[in-house]
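Next up, some structures in structure tokens.
Two complexes, one shared chain (chain A), two partners (chain B, chain C).
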Partner chain A sequence: MIGRHFRFAGLLGVAVAAFALVPRLGGDYAIGVALNLLMWIALTQSWVVLSAMTGYVSLGHAVFFGAGAYVMVLCFGSLPFWLSVIVAGAATGALALAVGYPCLRVRGPYFVILTFGLAELVKFVVINIEAGLGQFGRLLFGGPGLAQIFYVVLVLAALSVAVTWFVRRSRFGRGLRAIRENEEAAETLGIDVARFKVLAFALSAIVPGMVGAAMVLRTTYFEPLDLFNPITSFTIVSIAIIGGGDDVPGPIYGAFFLVLMQELLWANWPEVYMILLGGLLVAFVLGVPDGIHGRVAAWRRSRR
Partner chain B sequence: MTLLELRGVGRRFGGVVAVDAMDMTVDEGEILGLMGANGAGKTTLFALIAGNLRPSAGEIHFRGWRIDGLRPDRVSRLGVARAFQIVRPFAGLSVLENVAVGSLFGTGRERSIRRAEERAMAVLEEVGLAARAADPAGTLTLAGRKRLEIARALATRPRLLLLDEVMAGLTPVEVSEALDMIQALRQRHGLTIIVIEHVMRALMRLCERLVVLHHGVKIAEGPPGEIAADPRVIEAYLGRARE
Partner chain C sequence: MIDLFSGQLLIAALVLAAIYGLVALGLNLIYGTMRLLNVAHGEILMLGGYLAYWTFTLTGVGPVWSMFLALALAGAFGAAVYRTLCRRVLRSSRLIEQIEANSLLLLFGVSIILQNAVALSFTATARAYPYLDDIVRIGTFQVTADRLVVLGIGLALSLAAILFFRLSATGLQIRALIQQPDAALLVGVDVERMRLIAFSLGFAIAGVAGCLISMLEQVSPFMGFPFTIAAFVVIILGGLGNLAGGLAGALVLAAIEVYGVALTTASMRSILIYGVFIAVLVWRPQGLFGGRSLVR
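Then we have the complex of A and B:
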């Protein structure tokens, strides 16, 4: 048991060290690709803690990304960069706690639509606040450089991987998975399902808020329509489906796969990129419902 | 000593009265049988005791605490476990993981996963599912799922076990095995058990006392021999004889 945790910590350390070399060895393009990869890993790991473990599929995780970015905008210039990132995480965690209890009372497709609606709602609230303040897009000059943003997102990706790992192997995670399999049975066996679900929701909101706060500085421009983009939510779900499972490897496989596709297709055939991505998603849902992780696990079992 | 007491417990769904002004006591260590035709309100009564439903009237006391209106997880923590009539396995988890959920939560609330799984394994030995521990729960047969349902409830370390038709759909040999198992479990764990069963012979063999429900109302109560001869029970089950 303990040995397993050490092995995981070792692997994670090696991976973080390898990624930390990217800004030293690669140019801006390499840093950009690696940053993109780390961002999707961080967002999808966080989503897994709620949606893959409890079965409550969030189609609105862009709300935390966008809200985190907005917190950064509001703190910009008055707080140090790293402190703003932490404030953003605390704020999105609190947002999830506040909306979690009413949202998590509905299940299945209702929850999916509710999260989507919530993200759109918050987006338009922010747009209106900005319009009321007389702001139409904000420029964020004098922020940290690309390498600094990269290191922050690297830490966040590592954090999200560690959270998924420990939750998946904890008593709390057992409770979440029981809720996914049968909520009434879980409740009758003594699990406080309302509390567990809200805690998972909050836990899944913190890292995306911090990632949003860091990533908005990369574009140096805050535009609500970009930062609360529903495509972000769809991409997280796509990565989770392609990667498969309710554990650490799925989001990593999925994010590698998606970023590879982006680099190959986006660079060469940007006009068909979304079509191909849609086709791939359909193929995975129909043909490989357990995702890359499920296939890899089956292959390893067959070799034993 | 009285473990569970129901005072005037009722539950209506809109205009339908599922359980009406029910008074009932269950003593520590006894096996009480609940009988009645389909729709008599037996399963509703279990849902009321376990906290899955709130009573519309009356009070439920368990070990001196008032438990009506408490959430199911609170009731479970106090020592009530319910095995569902329609089995609800965690199909995507292994048999062992299913039972370990019971030992991690419920009354025992084991904090360590390793110890919870050891305890779960011991329960699986008792119900004869140890060989299937690593299999996904979805692969069990009906008889296996019924045993899993009991094992999971038992792993919460309850004082009171509610068994809802855990023998329905089993072959006579399986029923006989299940009866032996339930009696053995009761003795080893000092359990108090309420059993809902349609298999009359099983109830007669297992229970010291029977309660008969008809359209949500208790119509008879007593030892099995008396109940079998009670004209109201015969009427409820078979209808009135023609003059």
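Then we have the complex of A and C:
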């Protein structure tokens, strides 16, 4: 049992060290691709903690990404970069705690559309606040360089991978998965269902907030429509479904697959890319419900 | 100061209510009969809008006629989607909650495909066409003729739907399926056939609603989702699976939207819709008129 944790820590350390070499060896393009990959891994791992483990599928994870970015914009210039990132994570965690209790009473598909509606509501509220302040998009000059953002997102990706790993193997994680299988039964067994769900929601909101805060400085431009884009939420869900499962490997497989597709298609054929992504989601839900991770695991079992 | 009692606002609210009522009717029908939340509903509406736009632009035939084409095509498309995708989910999954979550992701994928396929074919530019835009004076207020036509057709279709579900054998069987699925099966309702009909009918109504909306608003590939959300608000207000309650819900939402925007600014419109949506889901998921609850 302990050996497994050591092996995981070793693998994670090797992966982080390998990624840390990218800014030293590669150019801006390589850093950009690796940054993109790490961002999606971080976002999807945090989604897994809530949605794959409890079965409460969130289609509004972009709300935390966008809210974190907005906190960074508001702190920009008055706080150091790293401190703003932490403040953003604390703020989105608090946001999740505040809205979590009423939202998580709503179940199944209603929860799914509720999260989507919530993300849209926050987006329009931010747009209106910005319009009220007389701001229409903000320029953020003098922020950290690409390599610095990369290292921050690398740390966040490692953090979110570790959170998924330990939650999945903890008492708390067993409780969450019991809620997914049968909420009433879980409650009868003494699991504090409401508290577990809200904690998972808050836990899954912190990393996206910090990632959003770091990523907004990459473009040096803040535009609410881009940062609260529902496509972000949709992409997270697609990565998780394509990758499959409620553990660490799924989002990593899914993110590699998606970033490859993005590199090939996004720049020249964005609509074709979105159509393919939608098609893949349909195909995986219907044909491969356990995702790439499930297929790989089945293949490895069959070789033994 | 705005005159809240003006006929102008009243007409605007009624027209919007007729549209919302129609969009929500289709969504409610599909939800009621098979517990599928059709998030691609707004995209069917968008396709109906494009059909009306192109028919008018290319042949000069107005939406009042292309509506029938939309009815047939959207109905056929609905039957195809049900046969190829939804029936497999309904069969394969074990738990009812899993069916709901899976079908939602499935239909979400379909809606992304439709949006981007239309954007790829016709570009993302919003399009509009002039049709029946001369002004009609009734008493002291003025209204464009297209709004009156939309209101008339919307009311006629809603009335026809209510009669269909009260009087025809098929309509009664579908209602039986909505109210008591197991009992309906026991008394010999052909569940599979009724589901197919309900699905196809739901899509057909959405296609017609799209034609009507294209007379008043610009069509664009991404116009559908706000209507899907509005339709969700309406059916939750009126009670899930309660077809007549939906019409009352449509009036409530349309009034909130029209008078809310009149009291504030146009930029508040999205906040109002999504705000009502969340408030209703969180605080009153059983609807205004009672009925089944979504919360334990």
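Operating definition for what follows: the second predicted complex is superposed on the first by the 299 of 304 C-alpha atoms of A that agree within 3 Å, B and C clash if a C-alpha of one lies under 4 Å from a C-alpha of the other, contacts with A are read in each partner's own complex, and residues count from 1 in each chain.
We take it that contacts are C-beta pairs under 8 Å (C-beta built on N, C-alpha and C of every residue); 3 or more make two chains touch, one makes a residue touch a chain.
All of these numbers come straight from a predicted model, not from anything done at the bench.
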Just chain B (first), just chain C (second), both, or neither: which does A:G278 touch? second
Just to be sure I read the superposition right, which of the two partners does A:A178 touch: chain B = first, chain C = second, or both, or neither? first
What is the contact status of A:Y110 with respect to chain B (first) and chain C (second): first, second, both, or neither? second
Looking at the overlay, does A:L21 come into contact with chain B only (first), chain C only (second), both, or neither? neither
What is the contact status of A:D192 with respect to chain B (first) and chain C (second): first, second, both, or neither? first
Which partner, chain B or chain C, touches the larger number of chain A residues? C
Applying the touch criterion given at the start, work out whether A:L286 contacts chain B, chain C, both or neither, answering first, second, both or neither. second
Residues on chain A engaged by chain C in the complex (per definition of touch): 55, 57, 59, 102-103, 105-110, 112-114, 117-118, 120-121, 124-125, 127-128, 131, 183, 234, 237, 241, 271-272, 274-275, 277-282, 285-286, 289
For the complex, which residues does chain A have touching chain B? 1, 169-171, 174-175, 177-178, 180-182, 184-193
Help me check something: in the complex, which residues belonging to chain C touch chain A? 37, 39, 85, 88-89, 92, 97, 100-106, 108-113, 115-117, 119-120, 229, 232, 267-268, 270-271, 274-275, 277-278, 281-283, 285, 294-296
Could you list, by residue number, the parts of chain B that touch chain A in their complex? 50-52, 71-73, 76-77, 81-82, 84, 88-93, 97, 100-102, 104-107, 109, 111, 113-114, 116, 152-153, 156
